[in-house]
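Going by the order they are written in, the chains are A, B, C and D; count residues from 1 in each one.
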Amino acid sequence: MTATQDVLGTVDRLRRQVSDLHGELTRNELVVWTAGNISARVPGRDLMVIKPSGVSYDELTPENMVLTDLFGTAVDGGGSPSSDTDAHAYVYRHMPAVHGVVHTHSTYATAWAARGEAIPCVLTMMADEFGGEIPVGPFALIGDDSIGRGIVDILDGHRSTAILMKNHGVFTIGKDARSAVKSAVLCEEVARTVHISRQLGELLPIPQTDIDHLYQRYQNVYGQK
Amino acid sequence: MTATQDVLGTVDRLRRQVSDLHGELTRNELVVWTAGNISARVPGRDLMVIKPSGVSYDELTPENMVLTDLFGTAVDGGGSPSSDTDAHAYVYRHMPAVHGVVHTHSTYATAWAARGEAIPCVLTMMADEFGGEIPVGPFALIGDDSIGRGIVDILDGHRSTAILMKNHGVFTIGKDARSAVKSAVLCEEVARTVHISRQLGELLPIPQTDIDHLYQRYQNVYGQK
Amino acid sequence: MTATQDVLGTVDRLRRQVSDLHGELTRNELVVWTAGNISARVPGRDLMVIKPSGVSYDELTPENMVLTDLFGTAVDGGGSPSSDTDAHAYVYRHMPAVHGVVHTHSTYATAWAARGEAIPCVLTMMADEFGGEIPVGPFALIGDDSIGRGIVDILDGHRSTAILMKNHGVFTIGKDARSAVKSAVLCEEVARTVHISRQLGELLPIPQTDIDHLYQRYQNVYGQK
Amino acid sequence: MTATQDVLGTVDRLRRQVSDLHGELTRNELVVWTAGNISARVPGRDLMVIKPSGVSYDELTPENMVLTDLFGTAVDGGGSPSSDTDAHAYVYRHMPAVHGVVHTHSTYATAWAARGEAIPCVLTMMADEFGGEIPVGPFALIGDDSIGRGIVDILDGHRSTAILMKNHGVFTIGKDARSAVKSAVLCEEVARTVHISRQLGELLPIPQTDIDHLYQRYQNVYGQK
């Protein structure tokens, strides 16, 4: 098998994975209508696979996923990529370890974003997955690198794989698309739980050393070998 | 094919579309029991297709949709049209560009309506879709033109495609029935997110120039060509 | 066909209807586990059909519905009737026009009940269906006629078909089981909407004359002829 | 049939039951991603059956459930057991009547836990099932016996079958796995209802003698004989 055949096989696999993973966004009620998208980097190539713009989740197929370069230009002659493609592409250009990006406007996380407030780490689930608070990024307009730069400025070197963009929504990153989806699911869950808890009184803080302990353990021990 | 056959084909297509779109109301949890309805204008004719009154969503078929004139009188000898038909008809008579109308009592939007409070534009999703706040219409009784007039007085010339009728619920309009349904889905989503955000503190405003920028871009660039 | 065959056919029909209607309780998320029940009066007989006690909703069948007299004693040699049977039976004995009763602990309605607070009529949907506020009944222990008496004392002669029993949950009544289920669905929906609305400020009242107008119209005009 | 064949049959039955019961966690929306787990004791043996670590709910099968001893060591050569296995095992070692344990981070219950606040008994459903308030356990790190000890210290001799672990989530116990799942479902439901009720005012207390009466009756009378 030639290198070209090899990358084609990888792209086909990623098209299917990215298409299928959008089902987790609807199943977990992170999106309404067409307002959320997932991408995956093509390993070793300056390419990514991303949702097409404005297409309903139940019409997504491996074939209508869009293959773009890392500046968001479609390279496969198909449809228009997601209107958030620039942000995804910027992340892939500047964070080489990131192989998956997810964007949603999930309700509770976006509610924190509309106040520009970070989610404090008061749950062991947050310590496990995010290693501390979920931070806030700037208000940024769509149409240039502003959103991507806002994401990278905050998340590069940060433990959290999720960021709340002011007045906008959530971006999450991961070592692959599935990890980024997991981050998006857990981000909404902790956003909801912490919001609800704080409605009726003061939250109990978790000491930083305990947060560190939980984070280290979860990143190294959890799951099947 | 004669002009008469042509309009019959159009009516058949709209019956199916209007019947099917009610599935989005239940799927997006905008309605309970029979409390919401969708209509579509028959292009070029003083006719509309609308949900029958008091029929469950899982019993809707293209055949039991009701064809009425633009004063709400059934013209096809079938069942009674929705009790909100007068309001739909008034909108079609006075806003020629509107080809779809949706009415719901979706929970969070109706909660804003029960306080008579407009939803402030603090989310990019709102700026994209509604171009600013979602306005409030008057308290109006069913049974004459009051509701329709309240809708048209506010929405005619307004960017928003959704209106919160005091103590009542939501009406949305669109260039077709599907667009009006999209507006109803997004109206509830932003009503929910902004409500939740404001429960715990002050909302960050979005500058008007940024709202304008987002609105212009979304109306012109988003989706497949 | 003899009168005996006739009543047997009616009982069979009611067994199926009552069994099926429990699907609306789960579909509308009014119940968890086994915590809600529906009954129907057998017209012209001192008999009722009711859910068996402690049986999961997905195990309900027409055959395991329990036929009891109007003192809650099973008359068909089957399983134990719902632990709320005494309350249903009391309502049928004292309100001859009631042919359906539903009991749930639906979340928002029960939240009003845990404060012992009536739901104020600030929605046209409430005026339509309930003709005013949804009232509160006393705190009453299970095991004798206390719950049934509490329901009848308040609802007999009241427009509302729903009552919030303090610290407990909701009972609804109707001219048949389906109407009582509709009341339970709409009671939870208005409990939720009014709760959410009041979280952020003052509710707009609806003038009593408008409530009266809406109620009269809805009871007489709505639905198919 | 030998004693060995007998215990193998029991283990097979428990593998299927534990695998299937996880469907109740998702159906009742008590868990997201892989964040909850169920176990069952093997009667008469120092063994338990528990969910594997980090496996999605829709990939669970009787075969991939993990059989461990009561110190959490897998004894069947399969995958890694849940990262919460130590806590389950500690409970089985110290509470011989417990044959089922469930752990979730269900949203509303965890919100109470993030404030370290017990859920007050203001609902008849709580009196029935939990016999009073749902208590709070200590903040405890995963990795040793701390969580298990925290559960047993509070629940041993307590009426409640559910405990809120500070900043963490919920553990429930039962005479079998199904009973523990029921407790988890009802714990979340009462956590939600009491939370919502208290958002808008003071809760009505239930006198202790009435709580006692309801608890005794429900534990002895409810359900089929």
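Just so we're on the same page, a residue touches a chain if its C-beta (ideal position, glycine included) is under 8 Å from a C-beta of that chain, and two chains touch if they have at least 3 such contacts.
Remember, it's a predicted structure, so these values are computed and weren't measured experimentally.
J.: Call it same or different for subunit B and subunit C: same when shared residue numbers make up over half of all numbers used at their interface.
T.: different
J.: Between 0 and 180 degrees and rounded to the nearest 5, what angle rotates subunit A's CA atoms onto those of subunit B?
T.: When the C-alpha atoms are superposed, subunit A turns by 90 degrees onto subunit B.
J.: For subunit C versus subunit D, what separation do you get between their C-alpha means, in angstrom?
T.: 32
J.: Could you put a whole-Å number on the gap between the CA centroids of subunit B and subunit D?
T.: Chain centres of subunit B and subunit D, defined by C-alpha means, are spaced 45 Å apart.
J.: Please list all residues of subunit D that touch 2 or more other chains.
T.: Those would be 199.
J.: Given which chains touch which, is the overall layout a line, a ring, a star, complete, or other?
T.: Contact map by chain: ring.
J.: On the basis of the stated criterion, which chains touch which? Give every pair.
T.: Pairs flagged as touching, ordered by label: A-B, A-D, B-C, C-D.
J.: Can you name the residues of subunit C that touch subunit B in the complex?
T.: Subunit C reaches subunit B through residues 28, 122-125, 182, 185-186, 189, 192-194, 196-197, 199-204, 206, 210, 213-214, 217, 221-225.
J.: Which residues of subunit C touch subunit D in their complex?
T.: Subunit C reaches subunit D through residues 32-33, 35, 52-55, 79-80, 83, 105, 107-108, 110-112, 114-117, 139, 141-143, 166-169, 195, 198-199.
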